[in-house]
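These are the structures in question, set out in turn.
The following pair of complexes shares a single chain, chain A, combined with chain B in the former and chain C in the latter.
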Partner chain A sequence: MMAYIARRILYAIPILIGVNLLTFALFFVVNKPDDMARVHLGVKHVTPQAIEKWKTERGYDKPLVFNSSADGAAQFTDTIFFRKSVSLFVFDFGRSDDGRDIGLDIRERMWPSLAIALPVLLIGLLTNITFALLMAFFRATYIDVWGVVLCVVLMSISGLFYIIGGQYLISKLLHIVPVSGYDTGLQAFKFILLPVVIGVVSGIGAGSRWYRTIFLEEIGKDYVRTARAKGLSELRVLFYHVLKNAMIPILTGVVVVLPLLFMGSLIMESFFGIPGLGSYTIDAINAQDFAVVRAMVFLGSVLYIIGLMLTDISYTLVDPRVRLG
Partner chain B sequence: MDFLPVVLPTDGLIFLLLVTVMVFAVYVRGKEHLRAPWREVKRSRMAAAALVVLLTYALIGLLDSLHFRLPLADNGAAKMEAGTETEYSTEVLSLLDVMAAPLRARVEKTYSAPFSAYLFARETEQRADGTEVRVFPRLKYGGRHLQDPENERAADILVASARAVAISLLIWLGVCAALAGLLARRERVSFSTMLRRILRGETETPWRVVLLTFFIILVVAVWAAVLSLKYHILGTDKVGQDVFYQALKSIRTGLVIGTLTTLVMLPFAVLLGIMAGYFRGVADDIIQYVYTTLSSIPGVLLIAAAILSLQVYITNHPEQFDTLAERADLRLLFLCVILGITSWTGLCRLLRGETLKLREMEYIQAAQAFGVGHSKIIRRHILPNVMHIVLISVVLDFSGLVLAEAVLSYVGVGVDPSTHSWGNMINGARLEMARDPMVWWSLCAAFVFMFTLVLAANLFSDVVRDAFDPRLRKQ
Partner chain C sequence: MMLMKRVCLSLLALMCYTLTGCDGRPWNNPYPAGDDRSNILYSSFDQRPKHLDPAQSYVENEYALIAQIYEPPLQYDYLKRPYTLIPLAASAVPKAVYLDKTGKPLPENAAAGDIAYSVYDITIRPGIRYQPHPAFARHADGSPRYLQLTPHELDAVTRLQDFTGRGTRELVAQDYVYQIKRLAHPRLESPIFGLMSEYIVGLKAYAETLRKAQAAQGRDAFLDIAQFPLEGATLMDRYTYRIKVYGKYPQLVYWLAMPFFAPVAQEVDRFYAQRGMAEKNISLDWYPVGTGPYMLTVNNPNRQMVLERNPNYHGETYPAAGMPGDREAGLLADAGKPLPFIDKAVYSLEKESIPYWNKFLQGYYDTSGISSDNFDQAVRVGLQGEAEAGELLLAKGIRLRTSVGADISYMGFNMLDPVVGGAGERARKLRQAISIAIDYEELISIFRNGRALAAQGPIPPGIFGHVDGQDGVNPHVYDWVQGKPQRKSIETARRLLVEAGYPNGRDAQTGKPLLLHFDIAASGPDDKAYLDWLRKQFAKLDLQLDIRNTDFNRFQEKMHKGNAQIFQWGWNADYPDPENFLFMLYGPNAKVGKNGENAANYSNPEFDRLFEQMKSMDNGPERQAIISRMVETVRHDAPWLWGLHRKKFGLSHQWYHNAQPHEMANNTLKYIRIDPVLRSRMRAEWNAPVLWPLIALLALLVISAAPAVVSYVRRERRAAK
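Up next is the complex of A and B:
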């Protein structure tokens, strides 16, 4: 097991290098730091001095990959590539374009993100499985058919509509919870409630339908027929045998997104004014803060790769047939 | 009339896509095993209804893709700006623009509610006796023909609606008769027998459902056409533009994103996926590495990064783009490419897996033993056997991409702000949420148009998947 994990970590390194090179190319080769400075300072009426000053303040004044004016190792280390991209490997995110410490921001902002994303995932999972089991239990009846149609209808509604509609209905018309904002501690509950409900509801359509397919696939298998032949009740077959086996594909889908929960949801957080990483990213995109976007791209990839690793490990835990070596 | 045709890059690709679909259709016609699943799709009532809706959207999108520039003389001297040497206006119009010219031209001052004859905001107006009052001023165009909007409006709308329904009923009856006549001749039965079969839903293709859906669309279309000449049926937005016109224009953007993204990514996904599975070894390692790397970056962030870079490029190289439309179109195309890059990995992985399975099949081993070349094996034996996966994923992706556009525009990395799109409509209207009473019509229009398209696409793709997926077919 340990050897497997070590090997997976080694596999992850070339992928992270690829991600790093890609973002480096996007942010520094396609567009020179001069261009970035010009975008920030305004395209017209900008002096070369102002551009130089902007670049020096943020450390973009160095050569891209090779510094011919330095000596020895500094030829490679005193460059934008080394300072801005290689440093990401040790999670040194540096400073954002407006001078804030990105690492500190991330550590502070991931908790509100998690406070929304985790309940959405768990409650969503529970509701989706419940609905899917119901449809599977009543399969090939009108309940099932209309359930699927309802799922497709729910799926076809834009996520933005759920948020805007939910905010309007619950906060503006009924005044149950505040429209947006955030607080620490127990006070946060009333701010978290609405985003969580909306997150769960918007996921019901796609989730239930997907799980229903998984359940139906399991129900068609031989062991289910055997269980029925033994004389087990349909409920027992469904809950005891089918649910247990269907958990394997469901788990795979869930575990892979677990680490990404820290990243939060872009739209949800910015609509509800939650100071998480999602709204952090959106703000950075709107302010064209390339340093933050670069950091988030890298962080997202790392978390995704961790998610893949966790998935493989979780396989061994739920499915004894799978052995990692 | 004299005009200068303009083919924007996305137009070109749309027509390429159209040709591809036609070639594919002709190819399928000749192959019985390919026709069988399509016949199943054709028999489905759900698919028939969804297809009618999708075709309506496609028609509007296509009309909006025929671009040209009108001569300046026609547009009036006002458009003559300094520096325009050509005799053509710099404004790129589409056929839809010309057809909906009244909608485009009738711009109010600011917000107005659907069917309203008044502006949404109060303004100070001077009376004849010199006193000033705060009133809702009358609109310049919406409901202009009414003397006393409060009392006449409901009756006027009712009469116009009744006329619209009557017109569409006439057209519909004509179409029904024509269809029944055509089918009767083809199947060599009498006209009345055919009509009875259609009405009872006894035809193999569910013509009854097709006609019913067509009737609903026809009524809505005629009603909208008749009433939008008198009122702003979906209101106006902040700068007074007709929301119905915007929603119509957004259809093309939605369709372009949903289809061109797939068209752009398909060659890579298919070629690389099959190559990885077929050749294995080093090729497989490299291709797997590429798609794992790409898929490990969260999609929205990669898109954001790429679009930000493009924005910087456009800002710094304004000289490369002649017209605003060209710049907006380039951004739309680029968005499709980026979306394609983030979404090809899933299909590629599926194809690799399927090819790995296929290459161990006896017929492929036999072909290899006979010394058939690799490219021929891939073309003749592997490609046709993975086509169902490609088709299913293309159809399934469509609706997701249409929905993604709205989200991306909200994040600020979607289409150009000057492009009409549902995302931009929602984004613009979102800022007015806090207004009281709320400005709801832009939001609702965008959501309803988007919902109809996505729902139709989802229903259609479900039927296609059920018909083509061999795993589902067995059950």
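Up next is the complex of A and C:
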């Protein structure tokens, strides 16, 4: 197992370099350092000297990837790409273009993201599995048919509609929770309740249909017939035997997203005023803050790689036949 | 099972506690229970501020905060119109003393050409003290407590609040001089450095001196700029400093009302410059320190910013006089009372307009603008075409106030372009024809819900030089009919087009259709409809319009290189002087080659001559006459389609008092008074929780599940048999 993890970590290094290079290329194809300076300095009274000063202060005055005026290794190291990328590998994210420490902002903002994403994942998982098992249990009855119809309807509605509709109905008409905002501690509950409910409801359609398919496939297998023949109740058959054996595909979908929960939800955070990492990323893209964009992409890549590793490890836990070599 | 039950009960209890607070207040109240009847103003910000350093900040949402904290020498009278400067920290509005090249004083009425320098002596009122701050904290022996922090001491600090010691000191003239020097600091990017270095004597060279000094000391070392003298900003005595500018620059006094010229204490700068502070996001750019009525006590740009009353505030009273009608409008009810009225202002992050609007209607924000989405819901148009608060707002006692912005949004012709540009008659008549064809009244009606005024020239209402009525109408585009301007007919435009050599939109010489190019950075949801509308306006003259929609960066690049042909641009006034608008048509201020704000690259020697004469004049009939000539010149040349001036609509609740739109002042929070008791009562009335739909939904779910349960039980029994 340890050898496998070590090997995967080594594989991750070229992947991360590639991701970093790609982010760099995509960003600077669209934006030049001069453009970034103009966005930050505004459009009034901006002089070329001010733009040069802004670039120099942030290290954007250097060539992008190759410095022909330097000698030796400096041709590659005295560039924007090298200087902005190397520190990432020790998780030193540096400063945003408006001067704030990115690492500090990430550490502050991941908690609100997590406060939304974790309950959505857990409650959503529980709801989807229960609903899928219910449909599987009543397969080919009106409950199954209408359940599937409901899932398709829920899947067809835009995520934005859930948010705006949820805010309108629950907050504006019924006055149950605040429309938006965030607080710390126990007071956070009233702010995250609606986003969590919306997150769960909007995920029921796709999740339940998928799990239903998995469960239906399992239900037809011999061990289920055996369990029933032993006289087990249908609930026990479903929730114990079927669920256990259907765990591998469920784990594939769930464990891989676990680390990414820190990254937050882009639209949800924006509409609910949640100060998480999703809105942080959106703000950075709008402000053409390359320092934050590359930090978030890098962090997302690292977390995704960790997620994949965790998925592989989790296979060994739920299925003894799987060995990591 | 017991565990599950306990978890469920705990969750239920948590829900009850956090939603209701067990005190009967509205469940959807986003603020802490203890604040319900407190004297707190609630507002929002949609983008986190980039800079709160007065040398760098230049954005409206940042000024909303720092203008309440920093006190420049001057401010605008809150009620008087036209906008009038009055002293803030200064004892009087300074008057310029003019000097010739040898330094000899000149009379007040000296010709601008004879004036080599203008000198402003500004005296600060004694006794003004800074807000409590660790930078001013001292040990018992009088030595600074936090100006030489060790790494160990800094380890224990994560926020500014972690410094337990606080101190203050008196505001002195040196602090103003220090801030002027900061405009040239090599580590700061002051947006007005380029402009000010053209006026403040020695500022450009001073920046170079500082740059070299910083390079010699090392990039991260604290640069003690106080050691380096600047000829244009000098200390006269403890409370007086002098600003010396080249030539005659009467607009300087307006800049003295902006945060760029607010005081910064050197020890504050030194405090924040200590190694390790920046890594904790503790900097002057994030924690402003001033003498104003408020201080920033919570600075979390990711969630909330809070201003609280500065206990050391020197005091000021509400204006005793205003304009006719102000008394009747209740704007003088607080005349002479001490400021500020509000104890605390809470600004919450609110990025989307829909939640903001809903919270405003629920009473959780005290004021709001009106977005296009909400316009029909909020406003109705009266019989005379005037905007009034709609029924929804009237029912809640919400008041509507409108004002015309000191701004202009125009469509410009690149005067360097061979087709639409230049001083030739052909191009001029083409521009005039287009100016008539593009119906701004229709645009305002369709796309802005009537929230703008069609511009007649470059100067907006409220700024000296603007003329109302028939005399103020652009005679090249409008006729005066039955007491109001009427756009000339499309036949007039077509006739001009024929005279320009483009009959039916075709070049008379080549017979080819005239294709014009419009550059814009448009990405909003309404932009496609707007661009389609614009094509139709050009099509009235059989002109083809190629729309080159691009992103902000490419658009800026095109403008800087002069590659745009027709473009859209705008300007917000820095100060209420016609110079701040007419300079956008001054030849030496062209964007191409000179990097100025003259985006059309318009150049007319007569206009330039008049501009140079006008900019240094005092307001009066003589200046008005010159401005009128200048405006007529540019109306004739038509380098812009004059576009529109925005009409701003502001809403405020019935508990919000002394609201008066002010286009120039940003330090207006101190004048606002609220009635928190009334607000609390109205919130409770408007936000009683409605539970029956949820109960009905729950019942529906139970009923729906019943057949399934029955079926399951039957199936289980059947299996058992």
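We adopt the following convention: the second predicted complex is superposed on the first by the 293 of 325 C-alpha atoms of A that agree within 3 Å, B and C clash if a C-alpha of one lies under 4 Å from a C-alpha of the other, contacts with A are read in each partner's own complex, and residues count from 1 in each chain.
Definition applied: a contact is a pair of C-beta atoms (placed from the backbone, for glycine too) under 8 Å apart; a residue touches a chain by one contact, two chains touch by 3 or more.
No experiment lies behind these values; they were computed from the predicted model shown.
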Tell me which partner A:224 touches in the superposition: chain B (first), chain C (second), both or neither. neither
In the superposed model, which partner reaches more residues of chain A, chain B or chain C? C
Determine, under the contact definition given at the top, whether A:263 touches first (chain B), second (chain C), both, or neither. first
For A:108 in the superposed arrangement: first (chain B), second (chain C), both or neither? second
Touching A:38 in the superposition: chain B (first), chain C (second), both, neither? both
Please indicate which partner A:247 is in contact with in the superposed arrangement: first for chain B, second for chain C, both, or neither. neither
Kindly classify A:123 by the partners it touches after superposition: chain B alone (first), chain C alone (second), both, or neither? neither
Should A:313 be classified as contacting the first partner (chain B), the second (chain C), both, or neither? neither
Let me test your reading of the model: by the given contact rule, A:164 touches which partner, first (chain B), second (chain C), both or neither? both
Contact-wise, after the overlay, does A:150 reach chain B, chain C, both or neither (first, second, both, neither)? neither
Would you mind listing the overlap between the chain B footprint and the chain C footprint on chain A? 30-31, 35, 38-39, 43, 164, 167-168, 172, 288
Quick check: in the complex, which residue numbers of chain A touch chain C? 30-32, 34-35, 38-50, 53-54, 57, 95, 98-101, 104-105, 108-109, 134, 137-138, 141, 143, 164, 167-168, 171-183, 186-187, 189-191, 193, 228, 233-234, 270-273, 275, 279-280, 283, 287-288
In the complex, chain C touches chain A at residues 14-15, 17-19, 26-30, 32, 47-48, 50-51, 58-59, 186-187, 189, 191-195, 278-281, 283, 285-286, 300, 302-303, 348-352, 354-355, 358-359, 361-362, 364, 551-553, 556-557, 574, 595, 597, 687-691, 693-694, 707-708, 711-712, 715-716, 719
Please name which positions on chain A make contact with chain B in the complex. 14-15, 18-19, 22-23, 26-27, 30-31, 35-36, 38-39, 43, 152-153, 155-161, 164, 167-168, 172, 220, 260, 263, 266-267, 281-282, 285-286, 288, 290, 293-294, 296-297, 300-301, 304-305
Which residues of chain B touch chain A once you look at their complex with the stated criterion? 289-290, 292-293, 295-298, 300-302, 304-306, 308-309, 311-313, 315-316, 399, 403, 406-407, 410-413, 426, 430, 433, 438, 443, 447, 450-451, 454-455, 458-459, 462, 475
